[in-house]
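In the two assemblies presented below, chain A is common to both, partnered first by chain B and then by chain C.
Take a look at the complex of A and B:
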């Protein structure tokens, strides 16, 4: 066995890796924010009194959960192209990732909504709050609090899965790696570095979600209960 | 016709859950400032009757009028009705993510559109009424069961309802905590609040009730002043009071 690692040529190209990592983080942040909004609306839709809305949201969730992300990305990519719409690879990647994570977020947040006891809603109804007010003031925050670990894990998973957008030449971290390794012939070293960078990105996201949790769940902060 | 002073009136109210007839021609009338206590065995339809007042259940036939709202009318403005009616449940149902103050100010601000400052003033006032001024900034989970139930009563009071409904509000509490909640309700009654309550606390019922309604299998089996608890006319009520259930 003769393991001969040489990171010299790779570390020389650190600005490329940095750009790739930043682009990955931007993709993930955008998809997280938009995906959370879709997830909330989708979960409300799945619990709607209108059966057509329930059906549409159900089809969306099942369609996404039962197809590979890469296929979804190609569908968005070629779908937009065949409509004659010209978007950057980044925009296409962000859109596809948002559609994907929105479906998973819908299911997770719906589980959160379902966990709110019926009595909470009756108490709110008894105080004459409207349906919208009940969602906004009574259901949303405790529901998200209940599923926060599952929801944030999903967003971290999405960040990792964003590596497949290298297939449509979004210049994120994995695309940079593919380029560098063919340029330097140092494939193993390249992917070791990239793996380390992905771990760092995961840690950054988890830290971000932890801080966000402190901000939006003041009771947790005040009572020092673990999330 | 309902008289001016009538706050809640039931006329031949019927209600079934599937094949089970839960309310079978229920009549009663609560005048302003009056306390009506509903008693009866578990499953006799007490909670259902109470929930019909706030239209948490819809009735099959008969008529319910509450503070001038025809509750049985399908076109009723539910939120107008519920601004006039306060309801407190056995399981306090405080909102866990909000402080006690936020629990109380939420509905006055969101529904009645009063200012935050005004709502906070009101919160202080109703918390004083239930003896919890010092819990303004606590979260529900930091309170004992009795304190949570008193906070739930305060939350209802902040909406300035014309009638309060209580459904076995002390049943989930340890015996040593029921007293503090009952005392709050007694004070409310003394201040002239109109109330309809379901309770198993017979001693309490005797002291507070202007009217007692004894329900048995979906019907009002016996009704009258609190004295019917000590000298019941029907064998069912005699048996019910005797067993102390």
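Take a look at the complex of A and C:
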């Protein structure tokens, strides 16, 4: 074994890695925003009075959480194609990731809803708050505040999992790495560099979520408790 | 088109499913052993050991499994270490699972109530005795539901071994699809098989969570 590492040829191609990293972040942000919306709707659906809606949301969550992302991506990719719909690899990747993270977000936010004590809602009713006001101020915001750490780690995991979309040739960071390593024959250095970039991206996302948390949950800031 | 789905295809899928189970078992045992060491290192009295193990966890949890997989399968041969798909997949999954199980188990060990540690110390048990006889037996009970839950993640993650050419369930699906050109049908079947493997574990994990570990179940039965 002769270990002579040469990062020169790899680092020369930094604009490609930058493009890949930006695309990964775009995929992750898009899926995070849409996934959070699905998660909130799904969690509301799982607590609905209509048993059909509860069942549909339950099946969605279980089906997604018990099958691999890779298979889900292939199903979306080939499913859309067999319906005769043509989308870019980026759109398919974003859609598959959204469907995936939506199920996890549903489960996490539902746990948040379940943690709201009944007495809080009764107190709000006693104060003559409207149904919408109760849902927004007493249920939704405090629930999300409680599960915020779990929710954001799920979104960071999603960003890492977006590497799997390289398998349907979305041009994100891992796909760039695969291209560069076949071009330079420097596989070890390429994947080390990409691993470092992913670690940086996850740190950036965690910092972003921390700042976002300070912005949307001012109570935490005033109480000076850690998120 | 390349013919229709027949019994041979299902035999091939079954073989793939067995490899998925086998690879999951390797990852669980390998990742479990390394993860247990990581968990102990994370609560070590030695600061350097603590920082090193925390660094390991942070590094691995910040890297996608797919990149670890590529790094071991394409990266190691590039620096002169030849490796088979099975070895690359097993090594990557072990490294990956160890970081997550280590962190889960550290949480479980630390959630054993403080007075238990103090009582063990008060009885003049050594550090090893305290761990083996007082803390770990209780931590195992706390750790069972999340560990069973994480086994679902392991099974799902073995699907990524397909990218290094290891023929497990997802890869056997790809191979069948290459001759049939029925991707939606084939991947639907694959998804159903994964679901059949994972869903019972998910249910078990939730059941254990509600009943507070296997020990409690036995007590309730008795």
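A few notes on this one:
Note that the second predicted complex is superposed on the first by the 221 of 227 C-alpha atoms of A that agree within 3 Å, B and C clash if a C-alpha of one lies under 4 Å from a C-alpha of the other, contacts with A are read in each partner's own complex, and residues count from 1 in each chain.
By our rule, contacts are C-beta pairs under 8 Å (C-beta built on N, C-alpha and C of every residue); 3 or more make two chains touch, one makes a residue touch a chain.
What you see is a predicted model; the values in this text were computed from it and never measured.
In the superposition on chain A, contact is made by A:160 with chain C only, not with chain B.
Of the two partner chains, chain C is the only one touched by A:202; chain B is not. Taking chain A as the reference, the larger set of touched residues comes from C, when chain B and chain C are compared. After overlaying the two complexes on the shared chain, residue contacts for A:130 are found with chain B alone; chain C is out of touch. Of the two partner chains placed around the shared chain by superposition, chain B is the only one that A:122 touches, whereas chain C remains out of contact. In the superposition on chain A, A:11 contacts neither chain B nor chain C. In the overlay built on the shared chain, the residue A:63 is in contact with chain C alone; chain B does not reach it. By the touch criterion given at the top, residues 117, 119-120, 122-130, 133, 137-138, 141-142, 145, 217, 219, 222-223 of chain A touch chain B in their complex. Across the interface of their complex, chain C is touched by residues 1-3, 5, 62-63, 65-72, 74-75, 77-79, 81-82, 160-161, 163-164, 166-167, 174, 177-178, 181, 185-188, 190-192, 194-195, 198-199, 202-203 of chain A.
Remark: chain B residues 54, 56, 78-80, 82-83, 85-87, 89, 91, 93-97, 106-107, 110-111, 139, 141-142, 152, 155-156, 159 touch chain A in the complex. By the touch criterion stated above, chain C contacts chain A in their complex at residues 58-59, 61-68, 70-71, 74-81, 152, 156-157, 159-160, 162-163, 170, 173, 183-184, 187-188, 190-191, 194-195, 198-199, 202.
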